[in-house]
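Next come two complexes built around subunit A: one with subunit B, the other with subunit C.
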Partner chain A sequence: MLEKGKISSSQLTFLIAGFTLGSSLILSPGLVAGHDAWLAVLAGLGSSLLIAFIYTTLAVKFPGKTLVQINDIIFGPYLGKLITIGYLWYFFHLASLVLRNFSDFFVGLIYPETPIIVFLIFITLTCASAVRNGIEVIARTSIILLFVTACATFLTTVLLVKDMEFTNLLPVLDLPLKQFIKASYAATTFPFGETVVFLMVIAFLENTKQAKPSVTLGLILAGILLVVASVRNISVLGVTEPIHTYDSYQAVRLINIGEILTRLEIIVVGNFLAMGFLKISVLYYGTVLGTAQLLNLRSYLPLVLPIGILMVILSILQFESTIENIHFAFDIYPYYVIPFQFGIPLFSLIVAVVRGLPKKAKEGSK
Partner chain B sequence: MRRVIRPLDMDQWKEKRQQKNTKPVDIAIDLKDYALEKDIGKNEQNYRTIFRKCSDVVIRPFKLGTNCEVKALLVYVDGLIDKSLVNNFLMRSVMLLMGGKEHLMIRENSFDLLKDCVINIGEVSVEDTIEKAIDKILVGECIFMVDGHREVLSVSVRGWEARGISEPDTEAVVRGPREGFTETLRFNTAMLRRKIKSPDLKIEIKTKGKYTKTDIAVCYISALSNQGVIHEVFKRIDRIDIDGILESSYIEELIEDEPWSPFPQIEYTERPDVVAANLMEGRVAIMVDGTPFVLIVPTIFAQFLQSSEDYYQRFYLSSLFRMGRFLALNIALLLPSIYVAATTFHQEMIPTSLLVSIANQREGVPFPALLEALVMEFTFELLREAGIRLPKPIGQAVSIVGALVIGDAAVAAGLVSPAMVIVVAITAIASFSLPAFNMAITLRILRFPITFLAGMLGFYGIILALLAILIHLTSLRSFGVPYLAPVAPFRLDELRDVLLRVPWWRMDYRPESMEPRDKRRQGERQKPSPENRNGKGDGGNA
Partner chain C sequence: MIILLIAAFIGIALFEAPGLVQRKYWRELTAFLLFLVAAFILALLQVLGVKIPNPVKGIEVLVKYFLSLMS
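Take a look at the complex of A and B:
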């Protein structure tokens, strides 16, 4: 076994919630829908529950098997390996995207004169140490980090109540249906659909049967926090909300309680970073573990640093500027992920059902 | 006549050289070369060889019986035995009184007669090898031999000068027992036994250390402690092979789970009540002879924020104190780095008026905040260290130097800003308010790299450092129990005794992280209420 750790169902819930919050705390999902973004997030959450159902059904059908092994069983050793390579690329690329998002955020808003590579390297090193310690450690840290983040989200919301104009939310759904659907779809793919990486993690759940409720609960938890953040941002920022790239950050900046509690954004940024750490760690872990399984290695530890270095390099090389990154995230990414988030999982499930696979797998193992 | 000196060949030369070298040096005694003999004269000779140049060992041959026909020998270490016991009871009874049975005494039966009828001291054992006999002598027993018998009698007459029981300095309390462990293992086990009067309290002794032969007592309550943990403790202690153990920290470092971690993974205490409370939660205590500090395993992080007094004061107060200590922990770890980050990178988060005054203060200071903080922290650590080591009268001089020179003159000279002095002072107070000294040291060590990161990368550096510490803490285990136990992995039920301290009538269960054999701590419905008081103490049946 490459991974000896076991995670409990509550840890999985928190890990999924933290993962989903991840970079969507800085880059709000559903921004295309303007002041109806919160509805887009809700719709995205609803549709993502359906997709998560596909993932968990797959995971429950093959208990203790990661995505790599599931692919091998369903599609055979050659096609399965090909699909696995595709997924590993996706996890790897997504991790580098998140890395880039966070580093862009820090360089753009807080440290304008520091080279971006500093942020990339330091956070990658931190994540590497988490990945080396295994999924158990990542899952355990998620509880503490998510608790702190949830507290911070609610606290900032409370501190901003006096700045909120709830009329900013009106009129509800005053936009073309096509645009709303586009926004909801974008919210489904980012962040909720990205939970496909948990097919690498659910295998280490103590009780596989609890996968469905834990994943659902985790998604709902993250959805609630995102909706709260979205409503807060829209009601505080009003019509200017869609033009801010980092709207949560912008909203929190406005906190001003008696000239004492002012400009708390840097503390909230800490929470953003903690969530980003969780997201990058899970993706990083998925990539490293998947590669080790693909290559039949005895341990994934030797892969951690090389893959981390490649991740840093890719995140520097792939975009010329922040604007390119945002453009990719909002306009290209939703279509780029179709095979990974919907196509292959659905197809895998259908093939598995048609071939009656889990039974066969059992006989094969006997 | 002429003497012819022949040159030596190589072998002869080597032999001669070896003789020359060995002659004046005492080679180590191998006890395997010696054995207990029937002949008392040979025995005496053996002991004199083994204990040659040991001025504190007394070897006393004498004769017994009506006609003084039975030769006997007494060996003990002066200073480790109670002389009045030996003189008044042992020697007196065998030489003078003989239990009124002197007429029965002949050479053949003398040994059994002495053992069974004559020696009037409680603890007597028979040893049949010389190794055991020597061990007994060295731990303070008196060895008694008679002519014609191979076995020896070992009489327990231990008694030496020891420090009395006093209040532990390191863990003083306002309310609670004022006794602390001492250096003598037997006193310590007795203090524990006086707290837990149950045959379930097991105290197993292991002897470790080639030269110190230190007794290590592993204490646990067999009905509560997890078998796996006890087994693990013995396994780890058994593999220790060291020349000497002078303090329990030797054991601590030899049985830790993660030897390179900066965090202490084993709690120590000087207080019998703390040990008793921990044993009753299913933990295992390790006592070491020669030190009052007792180790407790498995240890979780939260224990370092708790003081024994939390359980003796009212629960509101205790809960508040625990939260206060948690705050102090964060201040001790982070305050200098937050100050550095805020003044260097994130000036906007400081309220404007405060920012203006800090900027004013810093105007004449030539150094960046990072350097200022590191220098001040380092100076403070030096002052603290100097204050501990110096004799008390001079120690006061150190504090004057610290207060006047560092606090006042450095500010007046424009070397540091007053705000920095305040920050360092608050950090110091916060680190002293933690009940566990070893945890405070860890925080002090970690403070420097975090300050450094804060000076380089601002809050980004602080957050990453905290994440790295968190990763490390969650990966730690102490004897199979996760270090951050009730928080990560999360156990809601146990949180009642981490940052809060709920009243005793709500602590129905022992902490589950320790996996105790018996989970229930007390009967149901212990909360005092009118119905319970009227009943005959049988809970809420009334």
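Take a look at the complex of A and C:
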């Protein structure tokens, strides 16, 4: 066994919620829908619950098995390995995307003179230390970090109430249906569908049967927080909302209670980074553990730092500017993830049911 | 800059390798060294300013090709 830690179902719930909030706190999902973004997030949440049902059904069918082992069982050793390599690339790439998003955010708004590599290296080092300590430690930190972030989200919303114009939310659904579907689809793939990486984590759940309720609860928790943030941003910023790339940050900047409580954004940014830490750690952990299982290693620890360096390199390499990053996130990413988030999991489930695999897996594990 | 890079990689190797050798984890050591060497080569090329092919550009071309097939 590569990983000796066990996580409880409540830890899984908080970890999923924190993971889903991750980079969507800085890059709000559903922006294409304009002032109906919050509805797009709700629709995305609804459809993602269906997709999460596929993931959890797979995980419950193969208790104690990670995605790598599930692929091997379902597709055989050769095709399974190929699919696993595809997934490992996806987790690795997603981790470096999130890393880049956060570093771009910091360089663009808060530390304009600092080279981006500083943020990349320090965030990666923090996550590497978390990954070396195992999933149990990451899961335990998630409870505290998520609690603080939830408080911050509600507090900033309350402090902004006097600046809110709820008429900004009207007229509801005044946009072409196609555009709304596109926005809610984008919200499904980013952030909710990314929970596919939890197929690497659910294996370490103490009681696998609780996977379904805890994953669903985690997604709903994150969805509520995202909708609150989205309604806050739209009602505060109004028509200018789509102009701002980082609209949550922009909204929080406007907090001004009697000239005393101002410039609170820096506290909130700390929370954003905490959620980003959770997201990168889980993805990083998934990549490293998956690679170790693929190569049949007895320990995943030696791979942590080399893969982290590769992640930093890809982060720098992949985009030349923030604009390219945003273009990729909105125009390419929703289609790029189709095989990873919907295609292969659904296909795996169908193949598993047709071949009657869970029984065989039980015999094998004895 | 290059000296700093080499120092960092040697530091990582010294941090991980002795434990692996002690426990006779040869397979793990090979995998570790392979990944580390790959990372070192890529990092060195980047520091030297050599253009490395960008995999994300490839993904973009692929996705756009499939989208054009759909419509």
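In this section, the second predicted complex is superposed on the first by the 363 of 366 C-alpha atoms of A that agree within 3 Å, B and C clash if a C-alpha of one lies under 4 Å from a C-alpha of the other, contacts with A are read in each partner's own complex, and residues count from 1 in each chain.
The rule we apply is simple: contacts are C-beta pairs under 8 Å (C-beta built on N, C-alpha and C of every residue); 3 or more make two chains touch, one makes a residue touch a chain.
Quick caveat: nothing in here was measured; it's all calculated off a predicted structure.
Visitor: Subunit B or subunit C: which reaches more residues on subunit A?
Guide: Between subunit B and subunit C, the winner on subunit A residue contacts is B.
Visitor: Quick check for you: in the superposed arrangement, does A:Leu273 touch first (subunit B), second (subunit C), both or neither?
Guide: So A:Leu273 only meets subunit B here.
Visitor: Name the contact category of A:Ile332: first (subunit B only), second (subunit C only), both, or neither.
Guide: Touch partner of A:Ile332: subunit C, not subunit B.
Visitor: Just checking: does A:Ile144 make contact with subunit B only, subunit C only, both, or neither of them? Give me first, second, both or neither.
Guide: First partner only.
Visitor: Go through the superposed model and pick first if A:Thr167 touches only subunit B, second if only subunit C, both, or neither.
Guide: A:Thr167 sits against neither subunit B nor subunit C.
Visitor: Pick one for A:Phe122: touches subunit B only (first), subunit C only (second), both, or neither.
Guide: Only subunit B is touched by A:Phe122; subunit C is not.
Visitor: Share the list of subunit A residues that count as touching for subunit B in one structure and for subunit C in the other.
Guide: none
Visitor: Which residues of subunit A touch subunit B in the complex?
Guide: Per the touch definition, subunit A meets subunit B at residues 8, 10-11, 14, 106, 110-111, 114, 118-119, 122-123, 126, 129-130, 133, 137, 140-141, 143-145, 259-260, 262-267, 269-270, 273-274, 277.
Visitor: In the complex of these two chains, what residues of subunit C are touching subunit A?
Guide: Touching subunit A: residues 12, 15-16, 20, 25, 27-29, 31-32, 35-36, 38-39, 42-43, 46, 52, 54-56, 59-60, 63-64, 66-67 of subunit C.
Visitor: Considering only the defined contacts, which subunit B positions touch subunit A in the complex?
Guide: Residues 345-346, 348-349, 351-353, 457-464, 467-468, 470-472, 474-475, 482, 484, 487-490.
Visitor: Going by the contact rule set out above, which residues of subunit A touch subunit C in the complex?
Guide: 93, 291-292, 295-299, 301-303, 305-307, 309-310, 313-314, 316-319, 328, 332, 335-336
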